[in-house]
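Shared chain: subunit A. Partners: subunit B in the first complex, subunit C in the second.
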Partner chain A sequence: MHINYWQELTHHREGQIGLVLLGILAGIALLAPILAPWDPLYERDMAFLAPSLRHLLGTNDVGQDIFSRLLYGARSSLCLAVLAGAGATALSLLIGGTAGLIGGLYDRVVLRCIDALLCIPMLLVLILVAGYLTPSFFSLVLILTCLMWPGGARVVRAETLSLRSELHITAARSFGARWPYLLRRHILPDLAPILLANFVAVARRAVFMEAGLAFLGIGDPMVVSWGMMIRQALRFTYLDAWVWWLLPPGLALACTVAAFAYLGNILTGVLHPRHEGGHTHA
Partner chain B sequence: MLEIKSLTLDIGSERILRDINLKVAAGEVLALCGESGAGKTSLGLTVMGLMAGQVQGEVIFQGRNLLPLAEEEWRRLRGREMAMVLQNTDDALNPVLSVGAQLLEAVLAHGLFDRAAAVLRVEELLAQVGLPEHKCNSYPHQLSGGERARVLLAMALANDPALLILDEPTAAVDTITKAELLSLIKAISPGRAVLLITHDLAAAAVAARIAVMYGGTLVEVGTTPAVLSDPRHPYTRGLLRSFPNMTTVKDLQGIGGEGGRAPGCPFHPRCTQRLALCGHKIPALQLREDRWLACHRGGIVPLLQMRNLGKAFDGQWAVAGVDLTLQEGESLAVVGETGSGKTTLARMIMNLLPPDCGQVERDASLADGAVQMVFQHPRASVSHRFSALEIVREPLDIKGILADRDEIARAMIAEVHLPVDAAFLARYPHQLSGGELQRLVLARALVLEPKVLVADEPTSALDASTQAKILRLIMALQEKRGLALLLITHDLALARKVCDRAAVMLQGRIVEEGPAQSVFTQPSHPYTKAMVQHAPQLTGVLPSPLPGAAGTASGGCPFWPRCPESLVVCREVNPPLVADGQLRIACHLVSGQGSLAG
Partner chain C sequence: MRGTDSLEQTLIPGVTKLVLGWAARGRLWDYLIAFAIILGLNFFLPRCMPGDPFLAIYGEEAVLHLSPQVQAELMAQYGLNEPWLTQLWYYLRNLCHGQLGYSYYYTTPVSHVLLGALPWTLLLAGGSLLLSFLIGTVLGIESAWRRGQTLDRGLLTGVMLTGSLPDYFLGAVLLLLVAGGLGLFPLSGAVTAYTNWHGPRLWADVLHHLVLPLVAVTVAHVGGFYLMSRNAMLRNLHRPFILTARSKGLTETAVRYRHAGRNALLPVVTEAGVAAARLMTGVLFVETVFAYPGVGSVIYQALQARDYPLLQGAFLVVTVTVLILNYALEVLYGRLDARVRDHAH
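So, the complex of A and B:
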């Protein structure tokens, strides 16, 4: 089975939408300082201004430019998504991969730990931890990473286990290949699509999770985020301001999650063709 | 009767015979075999004192050394005490004299008979060689080749010599005449020593002993059954493999390289198990077990020796106490139905699975990477991320052989008859056909130049014509590189064409093992018999089904529920593997008969 993943992504409507959305978001995040007309933390203008050419989406209760905050929000959301995704996937690979390769007692212990961690309600832990620690942006990344690796580790372990007995790896072993070679040339390349899918899934959940936490008031107040914006806007729903204050970050959040979800869907479909059906294998 | 000691013959500066030591007893037929130019005829002529050249050593005949004799004394011996039938039957007879006249001349030559007795002797000789009396008046051109050979034999026997040297007596006659001549030779052998010079191994098979010559030296001397069924010198094995006959079942294979004389062991340029030593030191003829061998390596080397090898999965023995030896350059088939433990055995040989008991001993001459494997499913055994070139190059990459790795891989790909253009080399497995992929996998296994190839069902995924091509390729490579092949297959018809020896596996044990022809044409174990019956036939006749179902035996011989001949004891005791000559069989029926006969 030889699959061109890029082709799979670009040949499906969902994949195209996901890629375009993610591309736009990434562009915004990267170019936020250029695109944003105001400093997102700048507070000296009038509060509750309606949208105008000066403030495209008006200003909030402390006189910050909402449009600028929206652009900078993409930054923190994507940053968090990428960091948490990469961190959790790396941890999944390390723990799941070694469990699959080493096996034995280590594997059993790891597997029980994963099961235990998966049983813990994540949101509860997050609220408790974040509540006590009043987290910064990076400690939030760390907490999300630590909470989201077990699911991926489980998948990576199972895949490694089946890869280990694959004939092409046995063949390489028969030529005298050692683990570093097998990892580099056989196991990691074969795990790559699974890691990618895992990364996308974790990223999606991280964005969602951060928004949820910010909404509950847990988060770094100095970091501009969509979740925080929604939380602030909610207190003023009796004003007309919610139209340009509450809706835009909500939509942006929805777009981001949708983009990740679309990509994840395609990747999962390619990895497990029977679940989705209809994917063409080049 | 005849003893040749350290005989050396030089003609000019060329050494024709080197250090020949040979004994022929009275009443014994000794066959002298070898390719043309090995020095067989020169040896015969030297013994007859007819070879011009510098001779050293001794030819002791009837207690005295003949070499110092004057020509006059030689002449008295020749035709009377010793006689030789020369190779070319057409030239040896005088075309203008009748057969009777020529025979009479031979009888009278030594003055042992008066004329009347001589005529009677001629009649006697004609009867002895099975010619009717009236042929006496025939001229040579009126006789058939077989009849002329008989006349020559009669001439040689004229004075009842004690030593008879026959040089290719059966060359160029049909098989029926050949058989008659050979039985005639056997009939005249009592009381005299017969040296039968021949390249025809079927003719040599009637002799009591066989001496194999190569490049003017003796390389193997032993009793005929031993030499023909279990050749120990690589050259003897090569001769047997190239000799078409109705006994062996393997396809014909030649001997790589060209014959000739070389410093050191004369055979070393063509030998696939040569050492550096073989190139400059001449091996001495030494007694090893049941025969004399001239080989620095002590004959064909056992490369892999499995001793009591076993592997259990979840308490079930997948392989249970296998003893098996793979010799240098031979093909050994391990046949058996699915689940008989063949693949587990292969993986233990490859060190891919640690055995639970016993071990696989590798010959010390085997370097790292000298044992390689072709896996059962070519498509699964390559990574779909590798291009054709990368697939073949992988073992080199792993071993860190980076210099010229692309050239080595390309040469190997060419050797398995695949294209080596850039377009092909860049293809990925899904762009290759099953046959191409199988060749590629074969090239990958051979790129490190192994001495042993373990092939697990190498062709089971291919159609018959592709399979045939791959197997011919493997056999050609075996001839060229001296590759020992362990072929794991369930296909007896295929194993029969490719293998020298076969081992039949049943539920992790070997139940029959021996030369391929015995196992496949005269199977002893009922399981082997059943497999042979069920092997592909073109007759359309289906064999009768076996009585029971597989895997239902809870004790005793694992085959008894399906065995049409099972005894009560078969349900109780699993029979041990018992050696019987070249064969090993694990069956109560066979060992029971053996004990009755014994």
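So, the complex of A and C:
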């Protein structure tokens, strides 16, 4: 389990692409207020302007600057991805970890629930719940967290179960180590790679799901979202504006999802060396 | 009396054994629990909303549009003034009768709207599932066979790109370029309106409308099947039976498809359930882009009009379809895999 993850990521072409893409997106997200020439919600200029130096990607139907909205879209997408990823992974750790450690009836009930929940298409549940609640940004994060923990919990449970019976844990216990110490020093560090891979996978799906939801028209209208931009642009396809209005948010979305997917591939490849030829920096 | 006794004595343990055997083998319990969770969500979600029950379940728009008479009728049918346990009973009873509520937007029962929409969704989903499975597995097998070569690398990169594009975005771009720009395909709908074509003419028209949504869904979801079959094939290529097949002097194609490929299909079938569920939701999104009259467009309309019973009904129909599909795939896997099949008896 002692693998240098940073080296794994930087020495693979896929990992490099993922890191660079994600770095650029994170930079845009952090610096959006400096980079964006206009306020993304400000409706001042003429509607349907073609791209010019003043508006790099023109303006939309209510005169908002599309380029600024594109930059701010990175901010809300990444923010949501990180929060939902962290939330769902924490919940996975809590539920899967306790099931693996406690075992017995509790473990069996939890595992049953996880397996049942994994059968349900969560994007549909998200659409239904969001249709009723019309969530704000943070309640959307909360809903996504509640919907996306089962997959991770299953993996965490299995790993905890096998870690519990490993020799170095037994050795530490025989030296008198108590459970809090064992958790902190032995179990959590060994779970870290799984949690990281899970975080990336959830982040990818969260970006995808939020965009889909915004595309259907459910979402906070005050938060700029790429899915919402695609939806708005699709209403005016009879104009030529789609080239600079529909394509950029779609491609930005694809870049974000691809970045997470590349990183996720490397991380799962390292975790399951038999799948893909094995890792090089063991 | 003795006759019925012995019948019961033989029948009940027999049926119980059959059901238990099924449940143990094919994860039937997981699917039943999942179904119960879905029903629970459908029942409790609107009833947790604040306000008077009718308003919460049907939404403000419906209350404005429905006459007091219809409202009273619906209240009585679903027992909305009763305690919630009675309501649950009413809800389940209505569900067993296929009554999913009343859509104020379409001014018909929800089940009516869904029955009209479901065939189109099944056509689109079935077609794209079949296509993406076939194309994905063939590409995966060929790609794994040429591991590390140009074709393999090209396909892997291509799949990463198409897999990252949201399916509705892909659909929108296809719509604008091929249907809008070149005018090769119709812009929306499933059939040309205001014609009374029959037979082959009608089928040709349906196919003509189907092509673009089908391509959009297939391209967006072929990647999953491709990656699964490539991985399974890679694991197979090092097995001894491949060496045996080669040393027998079989042709490359026979080794690739009849030996390695056929074995690689098995794990793909097990994992196909997840991909199929994802494809199904993809179909719903693509439908809204092409205004294809399936369940996806119904969901979209329901969201726009805040027609909650319609949203619930569509949700129920799609999730149950996905559950049945997944379960069928698992049973199929049990039949296909000789190891699982022989252990069961």
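Please note the rule applied: the second predicted complex is superposed on the first by the 279 of 282 C-alpha atoms of A that agree within 3 Å, B and C clash if a C-alpha of one lies under 4 Å from a C-alpha of the other, contacts with A are read in each partner's own complex, and residues count from 1 in each chain.
Rule of thumb we're sticking to: a residue touches a chain if its C-beta (ideal position, glycine included) is under 8 Å from a C-beta of that chain, and two chains touch if they have at least 3 such contacts.
Everything numeric in this text was worked out from a predicted model, so none of it was measured.
Looking at the combined model built on subunit A, do subunit B and subunit C fit side by side or clash?
fit
Please name the chain, subunit B or subunit C, that touches the greater number of residues in subunit A.
The larger set of subunit A residues in touch belongs to C.
Go through the superposed model and pick first if A:Trp242 touches only subunit B, second if only subunit C, both, or neither.
In the superposition, A:Trp242 touches subunit C alone.
Is A:Val129 in contact with subunit B, with subunit C, with both, or with neither (first, second, both, neither)?
Once the two structures are laid over each other on A, A:Val129 reaches subunit C alone.
Considering only touches as defined above, state whether A:Leu253 meets subunit B (first), subunit C (second), both or neither.
The second partner, subunit C, only.
Based on the superposed arrangement, let me know which partner A:Phe215 touches: subunit B (first), subunit C (second), both, or neither?
second
Which partner does A:Ile120 contact after superposing on A: first (subunit B), second (subunit C), both, neither?
Only subunit C; A:Ile120 stays clear of subunit B.
After lining up the shared chain so the two structures overlap, which partner does A:His168 touch, if you call subunit B first and subunit C second: first, second, both or neither?
First partner only.
By how many Å are the closest C-alpha atoms of subunit B and subunit C apart after the superposition?
Here the least C-alpha separation of subunit B and subunit C stands at 21 Å.
Show which residues of subunit A both subunit B and subunit C reach, each in its own complex.
In the superposed arrangement, which is not itself an observed complex, subunit A uses no residue for both subunit B and subunit C.
Which residues of subunit C touch subunit A in their complex?
27, 29-31, 33-34, 37-38, 41-42, 45-46, 49, 160-161, 163-166, 168-169, 172-173, 175-176, 180, 231, 234-235, 277-278, 280-281, 284-285, 288-289, 299-300, 302-304, 308, 311-312, 315, 318-319, 322-323, 326
For the complex, give me every residue of subunit B touching subunit A.
347, 350, 352, 368-369, 372-373, 375-377, 380-385, 394-395, 397-399, 428-430, 444, 448
Over in the complex, which subunit A residues touch subunit B? Could you list them?
Against subunit B, subunit A makes touches at 1-2, 166-168, 170-177, 181, 185-186, 189-190.
Report the residues of subunit A in contact with subunit C in the complex, numbered from low to high.
Listed in rising order, the residues are 112-113, 115-121, 123-125, 127-129, 131-132, 208, 211-212, 215-218, 227, 230, 234, 237, 242, 246-247, 250, 253-255, 257-258, 261-262, 274-276.
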